[in-house]
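Take a look at the structure set out below.
Residue numbering begins at 1 within each chain, and the chains themselves are lettered A, B and C in the order written.
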Amino acid sequence: MRVNRPSVGKRRQGAPRKIGTAVAALLVLCVAVSACGSSGISGGETAESSTAKATGKASGSLTISNWPYYISPKTIPGFEKATGIKTTYLEDYNSNEEFYGKLQPLLANGESGGRSLFAGPSPYIVERMIRQGYAQKLEKNAIKTVVENASPDITNPAYDPGNKYSYPWMSGLMGIAVRTDLAPDIKSACDLFNPKYKGKVELFTEMRQTLGVIMKCMGVDFSKPITEEDWMAAVNKVKQAKEDGQLRKFAGNDWTNELLRGDVVASTGAAGDTYQLEQENPNVKWVMPEQGCIIFTNAMTIPVGAPNATAAYAFMNYVYEPKHAAQIVEYTHYLSPVAGVQQVIAKTDPELAENELVFPSKKSIAKCSPEPQLSGEMEQKVTAAWNAVING
Amino acid sequence: MIRRRLTGYALVLPGAAWLVVLFLIPMYLMWRLSLNSGAVESGFHFNWEWANYKEAFTLYQEQFFRSFYYAGIATVVALVIAYPLAYGIIFYGGRYKTILLLLVLAPFLTTYLIRTLAWETILSDQSPAVHLLSAVGLAPGGHVLGTAGAVIAGITYNFLPFMVLPLFASLETIDKRYLEAARDLYASPRSAFWRVTVPLSTPGIVAGALLTFIPAVGDYINANFLGGPNNRMIGNVVQGLYLTERNYPMAAALSFILMVVITVAVAIYIRVAGSRALMGDDLSELG
Amino acid sequence: MSVNGETALTVNRMPRAGARSPAKAIAWLRRNAIRIYVGVAIAYLLLPIAVIVLFSFNEPTGRYNLVWSGFSFDAWIHAFSVQVLTEALVNSVKLAALSAVVATALGTAMAMALVRHRFLGRRLANLLVILPMTSPEIVVGSALLSFFLIVGIPLGFETLILAHIMFSIGFSTVVVRSRLVNFDRSLEDAAADLGAGPIATFRLVTLPLIAPAIGGSLFLCFVLSLDDFVVSNFNAGTTLTFPLYVFGASQRGIPVQVNVIATMLFAGTLLIGLVAALIARRRGRTRFVAEDPEA
């Protein structure tokens, strides 16, 4: 193709000079354009966060982002009926990084993509949002129901001391989801690496949860600070499994498809999700790993630029009413941060109120640990290694 | 004459401006971005960071070569499938020719993603198709999804119209009298086919191969739905780096390398294939 | 292989009841091999479509439309009941219509200029038209994202329109140009001789003659935009189009309505294609509208 080699082929009089002029003109234009701004491309400096102002009675419309199937189908209609707020509930979380990646350029410009509330971020994202000034401070006066009903176990978390910016949406147990008809002998996360199930295993893309479960089975002591070596050993275990063809896929929410079809016999998975899958196929069961599970949390936070924060506050109050929280628990089987939910459910569904996976006793989750956190250089290093495995 | 020339400018300007602002300048900015250093949280700045290219290539050369490999095989397979198809329709289609071509192209009027998802269903481990393939030994390990074969098959299917259309166009323009002449000269049907039909349809083959190969190299939908973690292509990596990891400089570097390599490969290919009439006056015009 | 343009593809020479000898069967197979091949190949091409249509009548027990579990018209009756999906579809159709019209206008003008006018930088303009078409979508999409991020244009419906018009212009130019190249200039000269001004000549002579190409360009650009995932995925921000919705939904369970809408789009575009082919045939041209070797 002569396109790239103007000097080869038939030479036409004057053509190179003309092209040269044109290219030069173009370059000038390009430089002019690139000089006029370099906004949006980076998060910029740590910013002072604003407070989400509540104004009068909640009304208008509200848009919320969350993970799929993390709410009762009755919640939104109920909320709309009670408040008259037109609500768009988007299930557009597929992974923390992906969602944050999509929204970050907007947040950097002080916009939230029309959303008034994020209900899906993991603690480390909440921390990051606070640091970047992307999360707004909550007006405690506007969320009296939340403050009143929040279970003492979950308040004042390390990622947001004093709950200045966030309150938990729900928590869950991350363990293993197994097709008991196809792989009855999987009892621990390390069994996922059994060559017997080559090409039939999936791992969740959330680094902290997946590596957490794997580090547990590798015998890492979660009561002490986790070292870089521990993290890297787990990353390398996953890397090796990938290279050996042990893994079918690194999955976000789509892990369910393969499990239901039987393309995959076991995957890291959350207890609530797995309970819901069990309704589709009774052979899918959640297994508490022998060495314990990881307890994860997703938090509600109001992003910078959120329209109608008042409506977001109204929604937070609504879902922190024990009877509404109970509704969500009944459908999703996740762990509620609201005190008094168990008592509400005990009246209507005593069996569910006794379910150790929904209302775990101290004993049943004795071996479980909260989602392990990383920071600083170690976070960068482990994240880079993990990304190279799942994105490479 | 001057007026005609001015009319020419007036006609070309709006479209050209659109392409300059939204294609050339973005390309230039992407190249600049690829030489930035920094991280998304602390901010990026331009300082001729050529190391990005080295790092991007060292980290992702595997996906890079894999993309070219998959796209190359898919292009050849597509040619093998499409040539007899186009040939059959042109020479044996009779009055059903248009209908048959429409049937061939029709599947590509459904959304690309949904087509690929349908293949995911067809090729899932418990499906009859996979049982059949296993029985004849074409599915080692008992599954097709999550293998290179599945990705290549998906690419072949999804880019087939890019192969069929140019072949169809060039076969259709073959003057049937050449073939009659070959027969009159006692050429066997076989040698008439190889010595007359195929050479006359070379422009179609060359164009079809290009139009299939280029999008195939950059594709990541098939690898995403049909492949496993060891079948990821360069498109998956660029997408992940841009949209999830937000390592813009590295992503831009990879994207830019891809662009340059494809342009060079295409240039060499056109030279070697040496087809004068390849794409109408487009390329010969560029002298 | 005999060249016989008159023979229809239908396998018409079934072996007679008496001719059962294997030699004759083989001979029959040889004669019809290419016809059988065309049939099998078309079946292969249509297989995923059949699956899509079939699953639009599925009655899934839960939220995943993955396995066949019963026949139902439910999703067809409530085709537009999934609110987010319908909004995404409306976005897609708006986007496709708008970008097809603008890209065809720009592309037609460029084609006119490139075929009819000699001017400085003509070859450069030619290159400019081809380059976006010969770049992988991932490169186009990521370059545009870099541009929007650096210049600071917020991603959304507007950036999608800009992007879709951009990648459609080239296709439009090529389609219209292929018609203009085979165009009898004497008709225009005649009009000019009869005293028609350039605008009147364009409206009364040129436009009707290139109308099929403009129609083809509109159709092609519409389909390209409607089907685009890669460039949109990079530049949509939080706006949803139909393919983007499908991608998101594929991760959490696709509602049956997606299959219904895909079937509708398929049938709709096929119908347009058929009508266009019929019109083309009536005009004595059997070539399919989008059938341009450069497209």
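Annotations
Definition applied: a residue touches a chain if its C-beta (ideal position, glycine included) is under 8 Å from a C-beta of that chain, and two chains touch if they have at least 3 such contacts.
Bear in mind that the values here come from a model prediction, so they are computed numbers and not experimental data.
By count of C-beta pairs in contact, B-C exceeds the other of the chain pairs B-C and A-B.
Centroid analysis (C-alpha atoms only) places A farthest from subunit C.
Averaging C-alpha coordinates per chain places the centre of subunit A 35 Å away from that of subunit B. Averaging C-alpha coordinates per chain places the centre of subunit B 16 Å away from that of subunit C. Counting only residues that touch two or more partner chains, subunit A has 3, 15, 33-34, 38, 41, 102, 261. Multi-chain contact residues of subunit B, defined as those touching 2 or more other chains: 20, 24-25, 29, 33, 124, 243, 248, 263, 266, 283, 286-287. Within subunit C, the positions touching two or more other chains are listed as 66, 123, 127, 149-151, 250. Subunit C meets subunit A in the complex at residues 61-64, 66-67, 84, 120-121, 123-124, 127, 148-155, 237-238, 248, 250-253. Of all residues in subunit B, those touching subunit C in their complex are 4-5, 7-9, 11-12, 14-16, 18-20, 22-27, 29-30, 33, 81, 84-85, 87-89, 91-107, 109-115, 117-119, 121-122, 124, 157, 160, 165-166, 168-170, 172, 176, 179-180, 183, 189-190, 193, 203-204, 207, 210, 214-215, 217-221, 225, 234-235, 238-239, 242-243, 248, 251-252, 255-256, 258-259, 262-263, 266, 279-283, 285-287. Only residues 3, 15, 18-19, 22, 33-34, 36-41, 68-69, 88, 90-92, 94, 102-103, 105-106, 109, 111, 113-115, 252-254, 256-257, 260-261, 279-280 of subunit A touch subunit C when the two sit together in their complex. Taken in their complex, subunit C has these residues touching subunit B: 1-10, 34-35, 37-38, 41-42, 45-49, 51-52, 55, 66, 106-107, 109-110, 112-114, 116-119, 122-123, 125-132, 134-140, 142-147, 149-151, 162-163, 165-166, 169-170, 173-174, 177-178, 181, 198, 223, 226-227, 229-230, 233-234, 242-243, 246-247, 250, 254, 258-259, 262-263, 265-266, 269-270, 273-274, 277, 281, 286-288, 290-295. Residues 1-5, 9-12, 15, 26-27, 29-30, 33-34, 38, 41-45, 95, 97-98, 101-102, 104, 128, 131-132, 198-200, 242-243, 245, 247-250, 261-263, 387-388, 390-392 of subunit A are the ones that touch subunit B when the two sit in their complex.
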